[in-house]
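Two complexes are shown next, each including chain A; its partner changes from chain B in the first to chain C in the second.
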Partner chain A sequence: MRTPLPVLVGIAATAVIGLVLPFVLDRGGLALYIDVALSACVVVGISLLMGFAGQVSLGQTVFFAIGGYTAAVLVLNDYTTAVPVLNGVPPALVGMVAAPVVAGVIALLLGIPLLRLHGHHLAFATIAMHLIFLVVVQQSEPLGGSVGLMGIPGLSVGPFDLAGHQSMAFVSLGVLALVMLVAHNVVASRPGRALRALATSETAAESAGVPVGRYKLLVFALSGAFAGLAGSVWAYYVGYLSPEMFPVSMSITFVVMAAVGGMGSIWGALFGTVLIKVVVSSLGTLGTASGMPDYAPAVMSYAVYGLVLVLVLLFLPHGVVPEIRDRLLPLLGPRRARPPQGGGSTPREAESGATADSEPVTSQSGAGVQPSGHGAPGSS
Partner chain B sequence: MRRSTPLLAGIALVLATTACDSSGGDDSGDPIQVGYITPLTGDYSALGTDNEKAVEYAVEEVNSNGGVLGRDIELITRDDQSNPDQAILGFNEIMNEEPAAIIGSAFSNSAMALLEQVEREEVPYISPTPADEQVDPVNDHVFVIPAIAGTYAERALQYFSDEDMTDIAVAYSETSYGLAGYEAMSEKAEEYGIDLVVEQEFEQDSTDFGHIISDVENSDADAMITWATGPPGVIMTEQYADAELDTPLVMTGSQASHLWTEPAGEATEGVTVLSSIGVVGDYLPAGHQKEVIVDLAEGYSDEHGEAPPQFAQDGYSAVQVLVSAIEEADSADPADIRDALENLSVTTPNGTFEYSEEDHAGLGPEAVSVNTVQDSEFVPTEWAIERFDEAYGEDGEE
Partner chain C sequence: MLRVQGLARSFGGVYAVRDVSLDVADGETRGIIGPNGAGKSTLFNLISGHLAPDQGSTELAGSRIDRLPPHRRAKRGVSIVFQAARIFRHMTVRENVMVGAHLRASAGFPSAVLRLPSHFATERAIRELAEDALARVGLLEWADSNAEALPLGQQRAMQVARAICAGPRLLLLDEPASGLRSQEREQLARVVEELKSTGVTIMLIEHDVAFVSRLADRVTVLDLGSVIAEGTPAEVRADPKVITAYLGAEAEAA
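Let's turn to the complex of A and B:
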């Protein structure tokens, strides 16, 4: 169960880089940093959902948007004066707490019917959920309709004005750290181990007494809450929300980030997000550089981006982080920790020789559209 | 010791001069940085690329004529990918370079997303998209280039009223443009003695307008006006033509380009279309306004092999407005440019802009022409020609 040293070093290095970057980045860099950190919150949720619970969702943007709208509506209408308990609590903070709660509860309610579906059907149902959400927002006067909600004030808590780019970067980093910590604890917990079994074979897990339906629902709600929390910070940062900001393509991009980084890996979610966002941003800058031909932006953002994706998925099919880990760890440590044999581990998990670090053995049974995870190479 | 006094004075003088130089450092020969955000990819790339061609054309024209305040203009371009999020990221990258001003996205939602940012950063923002929300209420730093839906609505009402069309059917899409157009019409209809007999809303992704068209058929409307952008504008036109109603169809500025006439084809024949005067510049009486339009049309066609579409005129006018403001301010400082914009009066292919503290749209109804489509070309109605003579004729103008 002990985390290997190189992994600890990696985590420490990432944390240090995350903390130092806001001091050295310029304006554009900070905006990208915030975008990356908040997107990563959503992607961590997707990675949990797909890699651990074996459920695909092409509608996570909905929860990101719900979080944003929740925070925005609360701040714009300032309900804190109406509710005596909340008197004196900064409205922005109320928004940031309410956003993940509302998004999580909505995910829970939507999940009850949706998660009865599997594979492709679930993927389609989540896309449908996304489209319905967009129509509802467009029709909803209090949410600004298709015109959008304008003038959402920047984040400030009491006397502290956090609306600046640098402070927003730290807020985003804090939110991401919180999300990753919660995700890590869920994965390391007893339900987490049951979830891993679930991803491998739902039938086996069920026959071993894992309450499959309830666990899947909880992960779905949790991923919704992560997205909702990130959405609230994004709403404070940009100060404007409209349905056009949450296209279906955004949900797909989130899944791509999870796939590139490595399904079922929390760190993979982070690195997948960084990679895709940085590539898209630099291709955009390159495409509009002076002296580039007229067609450069289109070529860069479609063709080159597509090519990068194809190459990554061809040569690193399990995602960047699991591939690197699987190649480096055997070189660094003589043997990997064995799973605890009794206790909370399910028969299926022991059988498939799941490693007990925080990464799962994902689908070999191939649950529909779920990309095949890595099969714990090297272990029996 | 006595000799040191002139020396000291000399040093002081030199220091003072250099101090002046560095404080006014942006008055040197360095180019003036102007940010430019435009949708080059995604759903609105057709708009964005037309717009970009014209902005670049205008900047080259300014630079080859010696620049502004003796300095070149340098564009910092970012693609917003037809996505407001990307517009915000691009905006922040541009702000790194401390631009004098920003020319904004032709995609209205990107523009709306930037409003808040622009106000926080206090940088002048010239917007080539006609969303009314940008100027109603006025945002200190946002100045709009195309005639807004409210201006088109007023022109349409003037036309209906003068032509004795008192019962009007209105259909509008649930976009910012559609809603603004409809609201402006219903607000001012009474003032012009007009009755809105059909009022129908439709979704931006609607593909069937049968129920709206039959409503019009069953009413005694004298004309049917549609506020739409993009695909629904085309589909409505086609279905309306198929229904062969006697009630004339009126479309607004969003349809005044080849992006509408080409896909809708035959169905556009005889349709009444409101447009910027720049679209029908050839029909204007000789005068300064016509010269400005013809100059752009000729120069742009030489370079791109086609007449400048509406979005290109907006892009060109945006640069022209900004350059005049910089000249007027005699400074490339954002705050000075903003103040100059508010007192600007400049004639562009879109019409003569007269911004003020209360009006950041700048154009009046006289900048809008009412045309009919004849052989896929926009030809001003007689009513419009009369209005041109009043506003731009030799007697009218001077």
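Let's turn to the complex of A and C:
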């Protein structure tokens, strides 16, 4: 798979922008930057989960919170008596390693019963998981109950104090880069191909020997680990954690970001997160600007945000990035052309003229062709 | 190779397959014919594991497989080409076929994430297997096309390539030739003959009796979920029960 030059240029430009922004942003801008980078980690996981495994999760915030609480509990308590090996290792690092592991393992365990469900049932079950999680945290003494955990020290590794806004922005960028790299490596591989295959047809993937159930579970765990890692950095950054920081609406927003950016697209996840976060943030600023009526903030944040969502899903139903990719890539490389959307049932004559063997075929059995496939990514 | 005994499966009280028993020898090509609704595809789904039987047993090379999920049966060497095109979307023809070779390698998530040498070795090996299979069905020049963009004939051929790529011991072909032009049929027949010569056991559902007669060593005729006749293509064609149940019905229709 060769990457077309314009795509490489785009990736390089994004990386440069990501590296330059922390130097030019003010404090408010840096807070938004960190929020975007960490949310994008969660959204990349959701995009993998929904785009490839065909599974909806409206409870991804749970794993974000689990990562945060894991890191917080570790840095606030002395665990070295229990695990002497870790004596001398910076506690913040231990927290950042433990967070994705704990979140991933919990996702794996929760996924065993949850992923037996499909579609709406799974979506509701994950919301239920979220609500149960909040109740459990509120009642849990070691996690600070409904008051929460206070005084989580900022990130510092040895002599390096990384707690400042600017250095946390770079840490967040690094974490996001790691998550995107892992996601990319998974997608472009033998297991990744199997995942992309099972997103269209579980039946056909199974016949090729893909253990569909196990692969779905592993993607769920991986998405949980991404969220957990981001959660740990978030905990260090904000310095306190409480259950009301993780409302159900947060989980829904993550899914919206993935849908807007494009399911099953790593760059789409980043784009969707940036778009939604920036739009919501600037609408908030606009709504509270002087001279605006009292109802402006509510109208701005809900109505306009809702309108953006409706417009994107109406006109770019596959998400922004896949739509752009599908419209531009055929211009770059005609042999990777995609048939027009709409899923007609006649065999299409693609790339006519490319091969002498492409005369039209008459279908004898109407059921013979199903270009639209089953359980397409993002259709659930 | 394959021994099916007393296999039965009903849907809402109606038997799709009722007490089917058959033995397919190692390396044999077995044609399965019968009118629409005879239970042919259901039988294949029972063998591949996509449906669970109500009764009966399935043995592959002497060991029971009827309780195994489809991917475990695939691992034992059962490969199926479905009647309806099942194309993996947003993937090229080569990638579609590479999925077929999933079991020919074992590099998993860790080696993919860490980009270990085993990842690259696996990718290379699977790619070669896929290209070899594509060459055999005459699709190599389409390798980089998007699979959904292929005409029907090529989609069928691609699925055959995907199945071959798995290196099957038992290959189930569900009406692979329907909707193909004569030239494509000829190519498909040659691919099947070639597989046959390498010792693959093949089961072939097909309406075209001439096509089956050319390829099959023996033919099993199903009607209303039961076996009504079995024998060489010539024997079956001469069987009065078959003529009434199947050929007769078709002759009337035509």
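Heads up, the rule we're going with is that the second predicted complex is superposed on the first by the 331 of 380 C-alpha atoms of A that agree within 3 Å, B and C clash if a C-alpha of one lies under 4 Å from a C-alpha of the other, contacts with A are read in each partner's own complex, and residues count from 1 in each chain.
By our rule, a residue touches a chain if its C-beta (ideal position, glycine included) is under 8 Å from a C-beta of that chain, and two chains touch if they have at least 3 such contacts.
Here the structure is a predicted model, which means the values were calculated and not measured.
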| item | value |
| --- | --- |
| Which of chain B and chain C A:119 touches, first, second, both or neither | neither |
| Which of chain B and chain C A:287 touches, first, second, both or neither | first |
| Partner chain in contact with A:152 - chain B first, chain C second, else both or neither | first |
| Which superposed partner A:10 touches (first chain B, second chain C, both, neither) | neither |
| Partner chain(s) touched by A:238 [first = chain B, second = chain C, both, neither] | first |
| Chain B or chain C, by number of chain A residues touched | C |
| Partner chain in contact with A:26 - chain B first, chain C second, else both or neither | first |
| Common interface residues of chain A - those touching chain B in one complex and chain C in the other | none |
| Touch list for chain A against partner chain C, complex | 182, 185-186, 188-194, 196-197, 199-201, 203-212, 218, 222, 264, 335-339, 347-351, 355, 358-365, 367-371, 373, 376-377 |
| Residues of chain C touching chain A in the complex | 48-50, 69-71, 74-75, 79-80, 82-92, 95-96, 98-100, 102-103, 105, 107-109, 111-115, 119, 122-123, 126, 141-142, 144-146, 148-153, 155, 162, 166, 175, 178-181 |
| Complex interface listing, chain B residues touching chain A | 40-41, 45, 49, 52-53, 75, 77-79, 81, 83-86, 88-96, 109, 112-113, 115-117, 120, 133, 174-176, 179, 203-204 |
| List of chain A residues in touch with chain B within their complex | 26-28, 30-32, 35, 135, 138-139, 145-148, 150-152, 154, 163, 165, 238-240, 242, 244-245, 247, 281, 284-285, 287-288, 290, 294, 297-298, 301-302 |
